[in-house]
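What follows is a set of structures to go through.
Both complexes below contain chain A, partnered by chain B and then by chain C.
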Partner chain A sequence: MLKPKMPVRLNAAEETLIAQLTGAGDSAQAERLSVTGLPTRRVESYHYTDLKMLLKSVPPLVGAANTASAPALRLAGAYRLLIANGEPQASATAPAGVIVGSSDGAALSVHDDVLVRLNTAFAKKSLSLTLEGTVDPIIQIDRRTEGTAAHSASSARIFVADDSSATILETYSGSDEAHLTNNASYIAVGRNAQVTHITVDLSSDGVTHFATNEYVLAEGAKLRTLAIHAGSALARTQIFAKFAGEGAHADIAGLNLVDDGQHLDFTLDVNHAVPNTTSQEVFKQVGRGRSKAVFQGKIVVARDAQKTDAKMMMQGLMLSDQAEILSKPELEIYADDVVCGHGSTCGELDADSMFYLMSRGISRAEAETMLVRGFLKEVLDPIEDAELNEALTAVVDDWLVGGK
Partner chain B sequence: MMSALDIPTLKENIDRETVDQVLSLDVDKYKYGFSTDIESDMAPQGLSEDIVRFISAKKNEPQWMLDWRLDAYRRWLTMDEPAWAKVHYPQLDFQDMYFYAAPKSTPAPTSLDEVDPELLAMYDKLGIPLKEREILAGVERPNVAVDAVMDSVSVVTTFREELAKVGIIFCSISEAIREHAELVQKYLGSVVPVTDNYYATLNSAVFTDGSFVYIPKGVRCPMELSTYFRINEKKTGQFERTLIIAEDDSYVSYLEGCTAPMRDESQLHAAVVELVALENAEIKYSTVQNWYPGDKDGKGGIYNFVTKRGDCRGNGSKISWTQVETGSAITWKYPSCILRGDNSRGEFYSIAISNGYQQVDSGTKMIHLGKNTSSKIIAKGIAAGFSDNTYRGQVSAHAKAKGARNFTQCDSLLIGDKCGAHTVPYIESRNATAVFEHEATTSKISDDQMFYCQQRGLNEEEAVALIVNGFVRDVLQHLPMEFMVESQKLIAISLEGSVG
Partner chain C sequence: MTNPILEIRNLHARIEDREILKGVNLAIPAGELHAVMGRNGSGKSTLSYVLAGKEDYEITEGEVLLDGVDLLGMEPNERAAAGLFLAFQYPIEIPGVATMTFLKAAMNAQRKSRGEGEISTPDFMRAVKEAGASLNIDASMLKRPLNVGFSGGEKKRAEVLQMALLAPKMCILDETDSGLDIDALQVVSKGVNALRSEQRSMLVITHYQRLLNHIVPDVVHVFSDGRIVESGDKSLALQLEAKGYADFDSEPA
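The block that comes next holds the complex of A and B.
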């Protein structure tokens, strides 16, 4: 049949990326991108984040960092590791049970995803971290992009040994320029190990922030994650979690704080590949001004993964008429003896609750803040470390009072 | 093969019925798998502009219709087949299909007497709710007006006079194109535009027949209207087109049933159904689809790629879709509601059962555009055998759709560990006052439930059928009476051989 196939017309961002890939010696990826282009809404996993349309331009590849901004989040007791402009920096003496190093190349496994491919092509070095025993201080990985607007890729590979426990906080920030950052974390959680992993995006207004957090859970592992979006113009955090050992459990949470002009996306792919694993996903989104909040969550239960128990929840709150909340919670189930479910709700603040508070003399703005804070508390509460909980609550509060 | 009669003695405590039941499982279970030997008038094989002209000429269509078709065909040539659904099938070869097949003996039947007796015998064999036999015998009971579409041509329309008395037009779409051109021109393609999607565009170019319903202002249709689709000829695609218009303050309930004979090749069925509900009108559309699903190795079967959409165009209008999907090798179908009028309401109740190697990707779209619009979705998916059953649904509220409200519940049931059940909802809220709730669960029939039933003397299959019927009950009760009974049986038939 005669079907004129339209060749993909490349835009400026795609052309820059192709040139950068060619420059980095990755002609295969350059070729691939020139054929497919960046994903549009027709690509299911980018249905609500049409990269071809949203990514207008790509700044030049990053150079070494010459200047330094202040860390976006300071925790007094934390052991801080810095990745500046994609380059892991020298750090202070590591506390007991922590081995810090770096390795060539990127850290993520192969995924059919353009952001993963770009990170793999551009991340020259990965911070590598091995955690053994009960690691007391919080490990903070402070990723910053300094200097003029740049395209930067950073990567970290973290191994948590069997029976160990650790809390890792990752923050993303940098100079006040329109950077494009593509960050990756690969975290392997050993047998019966317990890990809390928190990522907070505090990038400045013009930034395009991409992050991919990949988790692999061994037998009996317990993982708690929380990802917070509180910055950038365009952000997408991809969470790929794979259950590789029986008896593992994951609590995966996210907080999407979306302000005027922002488009922030959480994309989740939880793969129950073996029997007897459980997971619980809770995502909350708040939209303000003219903004877009996106949640795509997929739970996959493999053919033999019997006795899986997975529950996913997305709750959206809209504080303005121009806010959009787009949600796609998916279940893909191939085993029969499972309990899986998802829920998704979306609406505005409850008028009765507002009335209750305002009739007691609380101003509208304050009442709104109180209710939103209450709405978000469910996600912050499980963070046990008091100092960390306080710092994250402060991030949320800053957002709540800092309406643009 | 042995039949029940060959068994000389029955073991104690096994009754003959059980043995018959077991033996009947050996043969292919598609009970509508026969083909009727009626000479057909067919178009040459393949698809081209000439075929489109041929179809249009065969149906004595006016020039504007031909132009409409040709425009659709030319657009279709530039389109790509959609690939987002969770279904897999070999590339369709449109040049290997026949796009028009008319039963030869029925040029223009005016009454049932003129219809080929073989055709009637076929309806007899089908025996589902239409009960043509009873109508023939003058039995008063069935208050169902039937428009039967065999392959591509609407064979006979019953009860037309009675309907005409209250001003209702119920005829084939080809007839409507000739006799009610102004209505067809006004509404055809106004809900599903020519360019809507690959299969809808193809349908617009080559649609052969279908039903046309027009309910005038303030009329409550006194009976359920019904079409019967049946694909008979080998390698034919059935492209029917249905258009239902309900004027202000009117009501109609429409039933659609589909079957197809057993064929080796996969047959394509790409229908388009358009509903238009004006001010305070209500349309209820019910479908029972049991096209041939292919044999036990997944060979053959119908590809059911259907675009169904209703437009709640007037304030306070209501459209309700109810579907029982048990057949077809592949189902790709999303009956949708565009809630354009203020205070309009959309409903979608669905049971989708897949067994063997069937693939179902079905769901709905509720597009909230008007103020205070509400919608409700109840979808039940049951997967057995090696099948995949996907619910895919979209709920969206436009920025101007103040006070939009949706409730969605989709439940999946898995029977066996070789099948898959998937849920893919798209929930898009562009309005702070919109309230959307969605919940989905996936589970299997618990051992406790099975034990309870079996302990009370039901065998495994009966127990499964009973539990499944309970699982889908809240959808079944939205079906008209005739379909409800049939559907319960259909569910049991569809799940035969899925346990043990």
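The block that comes next holds the complex of A and C.
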């Protein structure tokens, strides 16, 4: 006999989200959420990030931004576009090869994922960007949530034309309130185009930050991504990359800097859908205090995707006994002529190295900083633009010296 | 009478449950260079690590004074700031740290402890270049990560380079001669001798009398089973070379 399925008991966060969905006119999603609830650890892709447990409450939906915080990261040469409280703001005259606009609705494709569904329901407008030719300045999308604690969704849709090249930096920050932000970026990389896409979460202490970065790579495209978590209380960045054209390559990297009280999650889904594509995934996690760092990485190789070459690596570094570093790499391979692999390592700072550095007069804190920097070099070194590299290094250094 | 630079009194140290140092007594007056010789495993490196402040050891008895100041309560970096330097028997390779970054950090840490500002890049480059040249250190070596891929002899020369740059008042050299070719031994010895001065003392751990032809010691100590069992002038090293350690074993082997 089948057991009748019990309706889920809804918590305060779920109740609020359902009311907000209903208010936004999306009764279908409201209905769906009231049946399923937020994902628990029993949902595979949320195994280490039980949203039902972690998301205690949801602040009211955001209004227009009336105040402005400072940009979290300033790059002198960058062309900066602001999205405040989900709304793309007017921008300065665009440099050559950059077309800026905005469009109604969200940007992500359909995914069976609650954060994607919520973004799609709440993001009313997307910043749209078309990049053509060799785009010289770094494009910075500065996303901020201003004012009192709010639930905000933002979205950007970026097309990089065939044979073009561009570097895009996205930063997330805002007022010092317990916001819930749900951000989306859809990036289509054209044929033989080369794109570097970097996201840095610098939200303040109490924030819940969600981001979904979706990539679609055409033939011969080259993508380099780096996602950095250096803020928020709870954060999850989902990276969905799809190889749609042969000969494409992606370097996908992440840096999880997790401090006392934080729970920060990278969830990766790389889909090699066509033959002859390559990818390399490198994720580094550093944990301090009582904290939780999560990496889930899945590489899917479709039946036709022969000659796929994919290597995924997670390396964790625990700076305290109470830092938890979790890793779940998965390979789902349906083709037979492929080279795929994954590895996971976790450790503490090497005691002999610490002693050696300290024996030369270097303080414990500085020695630690030097070794952690060394550990992170592999993900920062490939960022070629000197100013950008310096800015990202500064983010890491700030985190290191800002120890609690 | 002035204090010895280094004074070790009845030092006992253990690792896990094993006592390695069993009552070391040693005083090195300012300006003197003492050599320590002894069998493999007798505890010479342990002594050097305990002096430099490696965490693994438990000090069960005794004290160590550097220029009259108690050393054992200090962190390794504080000991360095107080003027102690250990040239490691096995220098550590650190892949993520550039050699030049490390040298500069060490020099700046020392300057900071003296209340001085950071060294300027040109001054730093000049200091490294000069010290490097006198030790025949290839500039390309310094562009690599710290000690990574250095040959055995290169590592030892890099240790002496650090010593020259930091100009400590108490230098401990743990088998700095091992792994050096004949020419390198001359070069390194010259470098060490250049650092000898009235204000500075040195403790040189070695297995080979040959080194002591180049670096002539004021006193030679024989180390056996965790303590110094005999001390004499440089002729003691010659005697050891000829007859081995059998005469000095605390218990007959």
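FYI, the second predicted complex is superposed on the first by the 401 of 404 C-alpha atoms of A that agree within 3 Å, B and C clash if a C-alpha of one lies under 4 Å from a C-alpha of the other, contacts with A are read in each partner's own complex, and residues count from 1 in each chain.
One rule holds in what follows: a residue touches a chain if its C-beta (ideal position, glycine included) is under 8 Å from a C-beta of that chain, and two chains touch if they have at least 3 such contacts.
All values derive from a computational prediction rather than experimental measurement.
Once the two complexes are overlaid on the shared chain, A:E366 sits against chain C while remaining clear of chain B.
By the touch criterion stated above, A:F375 is placed in contact with chain C alone, chain B being left untouched. By the touch criterion stated above, A:M318 is placed in contact with chain B alone, chain C being left untouched. A simple residue count on chain A separates chain B from chain C, and the partner touching more is B. Applying the stated contact rule after C-alpha superposition, one finds that A:M358 touches chain C and leaves chain B untouched.
Of the two partner chains, chain B is the only one that A:H47 touches; chain C does not reach it. Within chain A, not a single residue is touched by chain B in the first complex and by chain C in the second.
Put simply, chain A touches chain B in their complex at residues 1-4, 42, 44, 47, 303, 306, 316, 318-348. Residues 351-353, 355-364, 366-367, 370-371, 373-375, 377 of chain A are the ones touching chain C in the complex.
Listed in rising order, the residues of chain C touching chain A in the complex are 52-55, 75-77, 79-81, 85-86, 88, 91-92, 94-97, 101-102, 105-106, 109-110, 113, 145, 162, 166.
On the side of chain B, the complex with chain A involves touching residues 77-78, 80, 84, 94-95, 399, 412, 414-444.
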